[in-house]
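Each remark here refers to the structure printed beneath this line.
Chain lettering (A, B, C, D, E and F) follows the sequence in which the chains are written, and residue indices restart at 1 in each chain.
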Amino acid sequence: MPKRVQVIGAHSADFVWRAGGAVAKAVALGGVAEVIALSYGERGESGELWKQEGQTLENVKRLRHAEASAAAGHLGASFRCLDFGDYPLQIDGERLLAIADVIREFAPDVLITHTSVDPFNPDHPVAFGAVDRARSLAAGAGVPSAFGTIKPPQLFLFEPHQPELCAFTPTVHVDITSVWDQKVAAMAEMQAQQYLQTYYAQRGEQRGNHARRASGRSEVRYGESFMRVLPQVVEEL
Amino acid sequence: MPKRVQVIGAHSADFVWRAGGAVAKAVALGGVAEVIALSYGERGESGELWKQEGQTLENVKRLRHAEASAAAGHLGASFRCLDFGDYPLQIDGERLLAIADVIREFAPDVLITHTSVDPFNPDHPVAFGAVDRARSLAAGAGVPSAFGTIKPPQLFLFEPHQPELCAFTPTVHVDITSVWDQKVAAMAEMQAQQYLQTYYAQRGEQRGNHARRASGRSEVRYGESFMRVLPQVVEEL
Amino acid sequence: MPKRVQVIGAHSADFVWRAGGAVAKAVALGGVAEVIALSYGERGESGELWKQEGQTLENVKRLRHAEASAAAGHLGASFRCLDFGDYPLQIDGERLLAIADVIREFAPDVLITHTSVDPFNPDHPVAFGAVDRARSLAAGAGVPSAFGTIKPPQLFLFEPHQPELCAFTPTVHVDITSVWDQKVAAMAEMQAQQYLQTYYAQRGEQRGNHARRASGRSEVRYGESFMRVLPQVVEEL
Amino acid sequence: MPKRVQVIGAHSADFVWRAGGAVAKAVALGGVAEVIALSYGERGESGELWKQEGQTLENVKRLRHAEASAAAGHLGASFRCLDFGDYPLQIDGERLLAIADVIREFAPDVLITHTSVDPFNPDHPVAFGAVDRARSLAAGAGVPSAFGTIKPPQLFLFEPHQPELCAFTPTVHVDITSVWDQKVAAMAEMQAQQYLQTYYAQRGEQRGNHARRASGRSEVRYGESFMRVLPQVVEEL
Amino acid sequence: MPKRVQVIGAHSADFVWRAGGAVAKAVALGGVAEVIALSYGERGESGELWKQEGQTLENVKRLRHAEASAAAGHLGASFRCLDFGDYPLQIDGERLLAIADVIREFAPDVLITHTSVDPFNPDHPVAFGAVDRARSLAAGAGVPSAFGTIKPPQLFLFEPHQPELCAFTPTVHVDITSVWDQKVAAMAEMQAQQYLQTYYAQRGEQRGNHARRASGRSEVRYGESFMRVLPQVVEEL
Amino acid sequence: MPKRVQVIGAHSADFVWRAGGAVAKAVALGGVAEVIALSYGERGESGELWKQEGQTLENVKRLRHAEASAAAGHLGASFRCLDFGDYPLQIDGERLLAIADVIREFAPDVLITHTSVDPFNPDHPVAFGAVDRARSLAAGAGVPSAFGTIKPPQLFLFEPHQPELCAFTPTVHVDITSVWDQKVAAMAEMQAQQYLQTYYAQRGEQRGNHARRASGRSEVRYGESFMRVLPQVVEEL
């Protein structure tokens, strides 16, 4: 049965590099996908754009919105930004509840966000903390409560830039061979971060190698790796 | 597609308490299951039997073989014992290769064994070390080699008696509701370890509770929990 | 010498399931026990109550207060709620100091609270963080200071619902056999969470089994397990 | 090439015990060192001073400022206090940005602060969290951004009072033999914390022993130990 | 009630530095203590002795036996060496059973040995592995068995030379103030390892400081620290 | 001052992919490098060769020797194989001492080997265990002993194929930009494992990216990553 997949990233481009394939695959299999950005990454992660003289925050946000929307389009997903600001991303009680509402509204089967540690990024761990807690608020305690609750989504962490330094252990490889072209197209939209396109194209190949090694399935060419946070419930091993 | 499931335990009764439900479920879904015991647990784990005067090792082994075969029968699995001796279980180079051969011959999709730590059992960690290494020998390096290799099986660790002291984190709950009666019948065969029957019946209920909580699927009544060692390769999250 | 035991939980019922036996035992041995709830768990953890039409927050809090007080009474402890609200529990600087004052006033020998991780509850880790920091503020740095300090209490974490997912390793089992009936009576007061009564009755038996196994003391029938956070100072091993 | 070393501690005396030698050594080798205190430790860590009748917060801060300045002087470093208050140290968004500015202004090669855990101090982990995040904000993402950035400093954690309880593993020992007298002189200024002078003199000897053992260099008499947080980039192993 | 304390070390002097106080304290409180050395440390740990020309293995062993016996005498314990050889210490099946027999014969309440990791010693982790497994064999599975079993001893790891590198976290501090002179006298017997006497005298003071800090008991002057491996069973927290 | 670098791998090709750049760099800086293989990887890791009909173990070993020697030549290192056999690699007491002798003879400043965990290779962890223990035997306890000892080498673990699954955290990146062509040439010799050439060329680029990010040094193009096992002793941070 088709899945509802929701990706919540700290900055508007995170979903492309780290979960673009999984999003496209879910949609290809009949699912629905929504991408939420907590900020545009306008101050800290818009590299090339800030080389242009006279650049402004509002213009960067506008360009980043266009890029992210186009990228999500290649993957078959919708895109929305909560525009909380970046570097630093700050989450107070009200924003926490807003994220919980976003999760409650979409009611995802699969929820994807950052790792809890990232020594090279000040906003990623903040995003993890907020999304993880908001998930718990949206799903409730498994009993009737004073607020609406949803079926508990499965939580996955997507691959950070330097996995070994971010407490990231891949526990699930998704075979994204059949949607690889879509991920490449989505990455190509991120003109402000061109240096990452080669990097994540290589990672796709390498994760494909790892997936072949773990499964013995030689037809896997490209993979994307995730870390499952909660136990999986299955019909058989 | 139906699975081939192989359980390798240190002693002849381990599979019943820890993986009986998963075995029965796999068979119920059309799979084939084989249980391998490295020893009968004849010296250290045959409690009630050693209360009988004049008891002998050979008689204990005979009785344990009968019990384990009957229990495996309730689950739809075959049973075989390598009879390496227990307390202590010792594995040398030759026995390591014998275990690799056993794995190679059955060519399991799913391989299940003990955790790597168990402060209350001297043989369980030894079994883990041997099975884990034998698995790696049987599957090879993913390239042609001087010996026959099989498709790499998925490795799972079953639940030890005191999980938190054994580095056991459940990452997969199997819904065993539909085969619960078979597990109860298999446990009832273990007359030498009666005190464990209540204990693992309660665990089945509790793991069912955990599975409901993680998935929101209220129809799960009984569960069995496992720890996946290697990454899973999937078509979608 | 009799101990002063203080339990600080996120919600008004937490102490019953997780530390009811240890509280009753301390009182039975001549000690004094106080239970502090940071909230009533009125929004997220009052299951059955929210099935009643026209239910209100105030009524839920009133009923939860009555239940918790009655349960504490069975155990010989007093009960007080700081009423900070739940789902989400939020702690600012003022509330942190209020918790430190509560600890300073009671001056516990033994302080008990939640684990630092709980993927199935958004409030438990918040409670841990606040109580742990408040403890450190109440005890000071072991030197004269600008504020009153108490002898450093021993800090214990009580058992969460799914221990392996909460970084909980039991390091102390308390033999609660002699006060088991009191714990059962206290649990029976929690009419809004009936499904937990069977669950924690089974845990009591299982922890008794673990305690027997670790100690060889066959007379232990029921146990409750805790994780000690700070080193213990003893006269001999 | 000479280094720029910046130490940021929660309280005004932390740098002396934990990094005094490394600071003096860097200066002796031609470097520049700056010590930043987030507070004076006026309420919680000024032991002897609070034994004096009629003592006031302002007087304690004045004395602590004098002590820390004198100690820094012995080491060849400057000293500055942000005076955020202690027990508890609280960091909001504005203070976080202030710390980032302090780092950005000094542009350190080497940045030194507390460990992320300290069960015997409520302010040290808060200081770590703030400094670590401020570092990441000051260095940016390695691309052009809306704010000024500096070359990423190397981050080190200095030795806490009880290392094994603070997740501290020494990964670097600095040979401070040639500046030992300066560290002793700096420690002697801390009249409010006399009991620590013997303690850290012994630690200096012991870390010297550990450094000899790790390196085989018998000329090391005194050492100071640190934990490196980020990978080191070198020309050869 | 008085305790039976058994220390099993890789080399004949290990017990003095690491558990001498705990041994003397147990004896002072009416207990009985036995020290077992797996080897004399004759090849690798007899420093000064090998500076003497014409030194032989047999002579080193004779001198080490005399030293260890004298040291044990100061503490009130007996001493015995299994003489398995050192650098490397090797344990086969027969030696494993011999250690299990040594434990079974003494039937300790408290069993003390090395940590599982020690990057500066090739024999300590081997000793841990053997003693831990032998303990499990001696205590059995808590049910009748083909061999004699004893009540499960409590297992403690004593402090290694460089604790943070050996996965050692102190969980128990023993107050050894009243037997400090005995430990000093025992250490003085170790003439072949004089450099360690100052080191462990300082550690005694420091662990006293840590014990005061954890307990608030100002009368503790000297401490010895241990890591408890198995859960403790108590009457109250 | 120039370094002596020794790499000890389980199979004859391991050094090329994982440490080829660090070896070439050390030699380029005036050092001396020796590569030791514990086996040829003849049975398990010689992929393409076993596709040839009539292939024999001896022929594979001969070809692997030629390849490894040629590769070492490109890097400026000598190559030697202990020929202990692979899949499984087995280490007994005699072989352990042989490895200690190899280390003692070369007296490396820098010693490099496998990680302690590798779920996709049965021989790598065995090699780690043997080399780590042999290192400790060769260096002794830092005091005179019955056998010759060397200055303790610094121990590094090289990058495994799937780092996150092998407990590998990069703590040192070596800038291998200036010797990149040599590493490429060495990799090209490994005709039996062609698929790895692309993989490790990409890794070289990615580790260069990581090194730039950690250091801010934009001139680093290619990197190789290692995990340091023992503390480093330095003149300044």
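Everything below uses one rule, namely that contacts are C-beta pairs under 8 Å (C-beta built on N, C-alpha and C of every residue); 3 or more make two chains touch, one makes a residue touch a chain.
All values reported here derive from a predicted model rather than from experimental measurement.
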item	value
Steps needed, at minimum, to go from chain A to chain E via contacts	2
Set of chains adjacent to chain B and to chain D	A, C, E, F
Between the pairs B-C and A-C, the one where more C-beta pairs touch	A-C
Remotest chain, chain E as reference, centres from CA atoms	A
Repeat of interface C-E, chosen from B-C, A-B or A-F - more than half of residue-number contact pairs shared	A-B
Whole-Å separation of chain centres (CA-atom averages), chain E against chain F	37
Mean-CA-position distance for chain F and chain C (Å)	52
Shared-contact residues (touching 2 or more other chains) in chain B	120, 142, 165, 170, 210, 213, 230-231
Contact pairs between chains, per stated definition	A-B, A-C, A-D, A-F, B-C, B-E, B-F, C-D, C-E, D-E, D-F, E-F
Contact set on chain F toward chain A in their complex	120, 161-165, 168-170, 199, 202, 205-206, 209-210, 213-214
In the complex, chain F residues that touch chain D	3, 5, 22, 25-26, 29, 31, 110, 112, 139, 142, 151-152, 154, 156, 170-175, 210-217, 220, 223, 225-226, 228, 230-237
Sites on chain B touched by chain E in the complex	42-51, 57, 60, 87-88, 90, 119-122, 165, 193
Complex contacts: residues of chain D adjacent to chain A	93, 96-97, 132-133, 136-137, 140-147, 155, 229-231
